[in-house]
Structures are given as structure tokens and as C-alpha cells.
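Structure, as C-alpha cells:
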Amino acid sequence: MQPINEMKLEFLSRSSNEAFARVAAAAFVSQLDPTLEELADIKTSVSEAVTNCIIHGYENGDGYIKMSCMLYENSAEITVSDQGRGIDDIEMARQPLYTSKPELERSGMGFTVMETFMDEIKIISEPGMGTTIKMFKRFSPK
Amino acid sequence: MQPINEMKLEFLSRSSNEAFARVAAAAFVSQLDPTLEELADIKTSVSEAVTNCIIHGYENGDGYIKMSCMLYENSAEITVSDQGRGIDDIEMARQPLYTSKPELERSGMGFTVMETFMDEIKIISEPGMGTTIKMFKRFSPK
Amino acid sequence: IGEIKRFIRDDGIIKVSRSLKEISNKARVTKEIMSKELGREPSISEMSIRLNIPAEELVMAMEAGCSPESLYSTVGE
């Protein structure tokens, strides 16, 4: 499947960049004319993925986060990745309510939110190498 | 001078991406808390630079455009570049009203607009290699 | 809220373009009011606080109202 449009973004792992990444994804996906609710789903999922890179991937240290966005006729694929610490046990990380940082009052619901709001998510991660989240969303036909 | 924040963006040379690049730049720069007028200056200048890459750099063909944005305490540097045809005579290109595409009803005022709305612009270009525009803007102190 | 939901369902779907335009209109009015109050242009964060919308979101919404060739202005209406 050939994307009809494409962008790639790279930014520092600062919490101030979470809102920026969310708006950048929303502004780009708006080209597909989604509904408000579909756009909110995208924004929430991007927020969760980027926050995970900042807090878990780089543990609030400095690093670069990459986000790419491919648009298709009626769908979008968004990839968010870091080169941080990686995930030891992906199955466990996916469980609702599981968090490795309960001391930070994390809810452990990030991946569950992404799975609920997007049509498909894929987690690729290697300890010490980093984490890539691929999220796919189909939009209601016009 | 160390930037306090930084982002890099890459996207296809589609005219629909001009508005996207403008929003992305403005959203990122909004972290410095500019006035609406300063933001409008940034948006207009980014529009002109990106449009030039699409129309002149790639002559409406396919190519990638890069935009990067560095934030400093009270200023921002935005770089827009293409790997398209390049500019033969930069001095001439900078002249108000000069356009190499009068048949497209271009106004020839793109560089003049950037020079007016930004504090500094630098044009780096080589025929056959591409063009890079560096724009610098200082914001009113709070 | 029930009312709003019913409206959403009856109407099918609310397009992003419309909601952004509403925020954009609100922003324009707020900017005028604040400029008078302050005797200068408000900054984006001052507007963001007044409208209770994150600065980045406000920037995106304002795009909807200002340009004829904007991403959001024509589609779906």
C-alpha cells in the first residue's frame, strides 16, 4: 500500500514536547478529514506513546524521540520510537494496570488506551536498544 | 549558544503540507510564549520558504522538504531546506519582485517577506544540489 | 451532555473543521478583548489560560480561521 502523504518528526524528550507532538500528529492527520472523535483518539494515543518514551524510555533524561506518520486513503499509521532502555517483558507491559513505575503514580493504562483508541498497535522493543510503537487507525468512510 | 529545545521535521513536497509545516513551526515556537503577531510572522515566513521548495526547488515534483526549529531563551532559528534544483544567482533571487516563474503569477516577494518578518535570513544554495534557508527571529522580552 | 451526544448521533458526525473554526472565532474575540484590557497584544500563553486551551492546540485551531487554503477550512462541510 502506497501512502498518499508522509511526515517524519524528531524532537527532544521534554515533557513540553508532548503537546507539540500531539498537535503535529493531529494537524497532519486532519488532511484525511477525520471526525472530532477520531482525531481525539489519535491525540490521546500519541500522548501516551510519547509520554512513555520520556518517562520510561529515557527516564526523564535527554534523548531524541521520533514520530512518523503515513496517510493512506482512509487510514493512518503513526510510529513513535525512542532509543532508550527498552522493555524487558512486552507481554507484561501490555497488561492493563501494569506499571514499572508505581512510585510515580503511573496508571499502567497507557498501552490499554492505545489499544482501545487505535485499530491496531504493535510494540517492538529490545532492552538497551529502545522501543518502537506502531499504531494504525482506520477512519469512517465519507 | 545552546538551544533550549529542538525539533526536526521532514515531509513530502505537497502543497497540502505547506499549512502543516506552518502549524508545526508555530506550535513549537509557542513554547517561547510569543505574541500572536510574532507567531503570524513566523507562519508567513515558513509558508513562503516551504512554498519556494515545492514550486521552485522541486518544480511541483516529488521530493522531501526538511524543516528544523531551534528555540533559545528569547529567539528561534528555523531552517527550511530542499534537495531540488538550487538557485543560480542568489543576489538576484533576493531582489524584491524578482521571480523566475512570472508565468505562474508568482509575486517575487517571498524573500522580501521573509526578510521583513524575520530578524535575519541566510540563503545557502547550489545549483543541482538544493537550497537551505535559515531564518532567525528574536521575541519581545516578557 | 446527553443533548450533545444526541446531536452528534443525529448529525452523524462532527467534523474537525467545524470545531476548529469555533475555537478560532472565540480566539479572535478573546484577542480583541484582551488587547483592550492589557493595552497590548496578549501573548499566546495569556490567551491559552483565558480560553483554557493548550497553546499548541490554540495555534492549530487559529490556523482554521485565517487562511483560505488551510488544511481544515474546506473539507467536509
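Annotations
Order of writing sets the labels: A, B and C. Residues in every chain begin at 1.
Assume contacts are C-beta pairs under 8 Å (C-beta built on N, C-alpha and C of every residue); 3 or more make two chains touch, one makes a residue touch a chain.
This is a predicted model, so every value here is computed, not measured.
Viewed as a contact network, the protein chains are fully connected, with every chain touching every other. Pairs A-C and B-C differ in how many C-beta pairs touch across them, and the larger number is found at B-C. Here the spacing of chain A and chain B, counted between their Cα centres, is 28 Å. Look at where the CA atoms of chain B average out and do the same for chain C: the two points lie 26 Å apart. Multi-chain contact residues of chain C (touching two or more other chains): 55-56, 59-60, 63, 71.
Chain B has residues 16, 20, 23, 27, 31 in contact with two or more other chains. Within the complex formed with chain C, the chain B residues making contact are 15-16, 18-20, 22-23, 26-27, 30-31, 33-37, 39, 43, 142.
Contacts from chain C toward chain B in the complex involve residues 31, 40-45, 47, 55-56, 58-60, 62-63, 67, 69-71. For chain C in complex with chain A, the residues that touch the partner chain are 13-17, 19, 54-57, 59-60, 63, 71-72, 75-76. For chain A in complex with chain B, the residues that touch the partner chain are 5-12, 14, 16-17, 19-20, 23-24, 27-28, 31.
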